[in-house]
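As structure tokens, here come the structures.
What follows is chain A paired twice: with chain B in the first complex and chain C in the second.
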Partner chain A sequence: MVENRPFLSFLTHLVLIIGVVLVAFPVYLAFVASTHGEGDFLSGLVPLWPGPHLIENYRLMLTEGISTAGAPPLWIMLSNSLIIAIIIAVGKIAISLLSAYAIVFFKFRFRLIAFWIIFITLMLPVEVRIIPTFKVVADLGLLNSYVGLTLPLIASATATFLFRQFFLTIPDELMEAARVDGAGPMKFFRDILLPLSRTNIAALFVILFIYGWVQYLWPMLVTTDSRYYTVVMGIKRLAATADAEPRWHLVMAAVTLAMLPPVLVVIFMQRLFIKGLVETEK
Partner chain B sequence: MATINLVDLKKNYGSVPAVKGINLSVKDGELIVLVGPSGCGKSTLLRMVAGLESVTSGRIEIAGRDVVKAEPAERDIAMVFQNYALYPHMTVRGNLEYGLKNRGTPREEIDRRVKEAADILEIGPMLDRKPRQLSGGQRQRVAMGRAIVREPAAFLFDEPLSNLDAKLRVQMRVEIRKLQRRLKTTSLYVTHDQLEAMTLADRLVVMNNGLVEQLGTPTEVYDRPATLFVAGFIGSPPMNLLPVSALDAASGFDILGLPPGTDVVGIRPDHLTLESSDEPSLALPATVELLEPIGGESHLHARLKNGDHAVILSVPGRPEIEEGATITIHVKPADLHPFNRESGRRTDTAVANP
Partner chain C sequence: MQTKRTIFPNKLLPYILLAPQLAVTLIFFIWPAMQAVKSSFEREDPFGFKTTFIWFDNYKRLFADPSYINAAGNTFVFAISVTVFSMSLSLLLAVAVNRVLRTNRLYTTLLVWPYAVAPVVVGILWWFMFNPSIGIAPYLLRGLGVSWNHRIDGSQAMLLVIIAASWKQISYNFLFFVAGLQSVPQSLTEAAAIDGAGPFKRFWTIVFPLLSPTTFFLLIVNINYAMFDTFGIIDATTAGGPAQATNILVYKVYADGFLGLNIGSSAAQSVVLMLIVIVLTAIQFRYVERRVQY
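Up next is the complex of A and B:
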């Protein structure tokens, strides 16, 4: 809708600005808090401008952590989160690409049933199946390991479903042309389907990376060894100190650092993301 | 260079027969056009030859080799698709090379063939572009190029021109014909456009309901349609098909001597004239309903007085005739095509028909 009414555009901008402020203010507050010293936040007056302790706070968190809260240095948790998010995103994309390829391009018995079984798992998110999944993972001896942290989260239908929808838009003739050109199933997949799905893969990677990064419940359950803590669950530990006021300035430094990687992924992958939406290669 | 032989080829989709037993032998270097209305099985037939569709029964021989169980790539054929089916993420060069690379063709050979095809099709300057940067006609050329570089035993064309606009279609039609003459590659060409079929074909296969209605050169098919279906399908405007009762009152009917069993008579619109000639002819009184001038000639829609049958005449120029006027239509006895409605076939001679 393109309308030239000054009042209307003022109003729409106002609504947008209010929205941005609502979203951004807590983030800003977290950042401000992470730059102040011990006790500044317990005085009752919340400072609104950055303080002088920025480098000091961040260095402390990255290298030492708060041992009294049972949290390891932040860099361990950050790299754990990074590894887990990447394994989950890559694993999910790989598995769903292959299963969508099978479902769309091959005609085998029970194809439809296979599709529906995968589709039905959409109704069973991690939280619903968490007890049996935990039991299985525990019995396999995968507690406190990257495999145990990622494997149950990799199996999912969402990405399979998205790739299926994309593959359905690829004309049959393309596959037939490839067959006439002497490309077998895997060659067709590698030479034609994968390059065509590039932008979809990038878009999904962004979504799945963030999905993996913000996992809270599952890492909490399967890790008891602080070497495998992820940053999102670590924050909870930092804040929940017994018999003492939480050291907010340090907690907020951790929060700011935890927010950073997803933001970076969005910013840098966004170009691919938009390219995927604008340039339809068909 | 090869022949294609189809022997009693059948295809069923479940219990529905799509192709009901086709026998056809394509000579070396010949261009055969399969033409017919949609759903007549012509595309299915072509896809069976290509190996993209399984065969229910029968044999397909390409260059003397039975290929029914062979993969498309092993059949030594190249196919041009209706929607071009170019690989969108590859450059034109990549598209041309892909099939050759998959076969392990040496690099120098690939380069030679790509250059040759690019020269023939005049797509040299576009080799490094992506398909989406090309126009419809250019994409069509690239699709043809992809077929040429393979240097296959046979080309298979699946309605390659139907996505182009009318002008380009005529142009590409001529080019395909020239190209095929030059390369002398055995070709099967599927189309629903009868003009394309008439102009391209060495021989024409008219198909209907999964069966061959008639096989012959375009002139044979036009001049002596073997069945009522072919008579109605080939030719534009279509042949007038009139029951004999519409003619029997006309003067000159007794001299016709129609073969026994004739109950339908076909007359091409351009064989109906307004002027009587010296030769004995049949005279049919009619009323003009509509005159359509289409440039060099005009289509005259008239209704016969006897039996109320609509006929179309194709007359040269723009005759000065009012709509509603009464005219007399003349037709020479030799221009009548006698048919039997029951069998759907010609009654004057037995036409050899598979």
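Up next is the complex of A and C:
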């Protein structure tokens, strides 16, 4: 701060507090709703303070789900989400590390073409090519499987670029020394490059885990079997009970549980999260 | 393209290393994209027995279709509103966080977590808040004499999706603005202060212009976000309704292709969207290259 202006400082904090409240309020309301019973929503206004049904609602959702809405118990959907998010994050990191390694440390004929093919994936988000992609996955018999849920999302241009940038900053001497000492390419990769990339991998993992967790359209298209539902798409099914008013307290319990894991990841790994976010976007 | 001074001599290994990434890309990205381009030039008969090549008929019909023009208009309004709304709010918060010293970590933590909330969940949260029968927002608005029902009123529905989509994007913009603000040299603002410029003048004449690379970058990213990543928000809040008032291009591709089973038109829409992404990505990368030089 350049000079001391008490009024401006007051204004600053006011702006921030209003901002924090604005950001938190919808989530607070959802949490509050999830602690109430069925009858508390009939009065025509959402309750503003937590009620006494917290444990009961969450236990019901976690262990039984709402069978009428075709939603399995939440623990199944939560573990599916976890599995899928981890497969996507690990898969993206693994194949991107390998391809960045190939592009930076080797010279081969189709290097430039390979680079461009990877680059193009940036321009083809799932939302844009849903029907043909769906068709490919259906033809391969991958509907209702973890492979079908994850594999089509695993190519990653951003991760490849990030690792490429990072590999370019690694001094040439390191590799020359390794070669003089008789290390082959895979040994160099495993014993030198991977340990050096640790922070980058961790930061990227945080971002990609979130990316995998929040997927909605793709899981919705490729799963019809409730054993493979992810929590994010399952919630939509819970909420969209055609004409009847949704059972708000239970829907909001599911919403809270679906938000919690990735939000906790952001809060507790904030430093890695920010690093990952800022660097993947460059 | 840049490489190392010394490289490994292996001939086969790089292909093996690249194989998984290229296989996924070719099978799930390039091939489907080519299929989309191909079927955008074809018409399939109702029974799916034969397809005829019809040149640009799908496109001609698309651009003559009032509901497509409507969706394009909606997308434009939606993208611009979300971008402006979310970016200005984030800039305000970022400037504020940049002024406080001791509590800035705390505020940052409290402001960044919506990034991790799935778009469809964001949609449900706001749908709940604005639910005409029990939501808190319609209740408060009734006190002000506004009757809120986004199930009937198209412009209210649009407002709702704009608010929800902006809320989700605040944390992202905020982080990038904070990073941008931290790279503005202190000495410049101090010099201006000595010359007698007040905080507002300093912001508009020094900080804001120096922030323009960040602002421009975010502009592109936000337009991209509003156009392509908001599918879940639309689907959870309004599903494109009422009467197509919130149907945006990316939602229409899905609705026409999967619910309406109009493959040719949906493919043509996909191709148009791809062209838009290509333009946006090109702008973004051109700009990034420029930034690297500085």
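In this text, the second predicted complex is superposed on the first by the 260 of 282 C-alpha atoms of A that agree within 3 Å, B and C clash if a C-alpha of one lies under 4 Å from a C-alpha of the other, contacts with A are read in each partner's own complex, and residues count from 1 in each chain.
Just so it is clear, a contact is a pair of C-beta atoms (placed from the backbone, for glycine too) under 8 Å apart; a residue touches a chain by one contact, two chains touch by 3 or more.
All values reported here derive from a predicted model rather than from experimental measurement.
Peer 1: Once chain A of both complexes is superposed, is A:Leu112 in touch with chain B (first), chain C (second), both, or neither?
Peer 2: Touch status of A:Leu112: second partner only.
Peer 1: Looking at A:Lys187, would you say it contacts chain B, chain C, both, or neither? Reply first, second, both or neither.
Peer 2: first
Peer 1: When the two structures are overlaid on chain A, which partner does A:Gly141 contact: first (chain B), second (chain C), both, or neither?
Peer 2: Once the two structures are laid over each other on A, A:Gly141 reaches no partner at all.
Peer 1: Should A:Pro195 be classified as contacting the first partner (chain B), the second (chain C), both, or neither?
Peer 2: First partner only.
Peer 1: Touching A:Ala102, do we find chain B (first), chain C (second), both, or neither?
Peer 2: Only chain C is touched by A:Ala102; chain B is not.
Peer 1: Between chain B (first) and chain C (second), which does A:Arg179 come into contact with in this model arrangement: first, second, both, or neither?
Peer 2: In the superposition, A:Arg179 touches chain B and chain C alike.
Peer 1: Touch check for A:Gly37: first (chain B), second (chain C), both, or neither?
Peer 2: A:Gly37 contacts neither chain B nor chain C.
Peer 1: After lining up the shared chain so the two structures overlap, which partner does A:Val266 touch, if you call chain B first and chain C second: first, second, both or neither?
Peer 2: A:Val266 contacts chain C only, not chain B.
Peer 1: Looking at chain A, which partner touches more of its residues: chain C or chain B?
Peer 2: C
Peer 1: Just which bits of chain A does chain B share with chain C as contact spots?
Peer 2: Overlap of chain B and chain C footprints on chain A: residues 176, 179, 281-282.
Peer 1: Along chain A, where are the residues that touch chain C in the complex?
Peer 2: 1-3, 5, 8-9, 12-13, 15-16, 19-20, 22-24, 26-27, 29-30, 33, 41, 44-46, 48, 94-96, 98-99, 101-108, 111-112, 114-115, 117-118, 120-125, 127-133, 135-137, 151-152, 154-156, 160, 168, 172, 175-176, 179, 185-186, 188, 210, 213-217, 221, 232-233, 235-236, 239, 245, 248, 251-252, 255, 258-259, 262-263, 265-267, 270, 273-274, 277-278, 281-282
Peer 1: Using the touch definition from the top, list the residues of chain C that touch chain A in their complex.
Peer 2: Against chain A, chain C makes touches at 1-8, 10-11, 13-15, 17-18, 20-22, 24-33, 35-36, 39, 89, 92-93, 96-97, 99-101, 107-121, 124-129, 133-136, 139, 167, 170-172, 175-176, 179, 186, 189-190, 193, 199, 202, 217, 221, 228-229, 231-232, 235-236, 250, 253-254, 257-258, 263, 266-267, 270, 273-274, 277-278, 281, 288.
Peer 1: Inside the complex, what are the residues of chain B that reach chain A?
Peer 2: My answer: residues 50-52, 71-73, 77-79, 81-83, 85-89, 98-99, 102-103, 130, 132, 146.
Peer 1: Enumerate the contact residues on chain A facing chain B in the complex.
Peer 2: 171, 173-174, 176-183, 187, 191-192, 195-196, 198, 281-282
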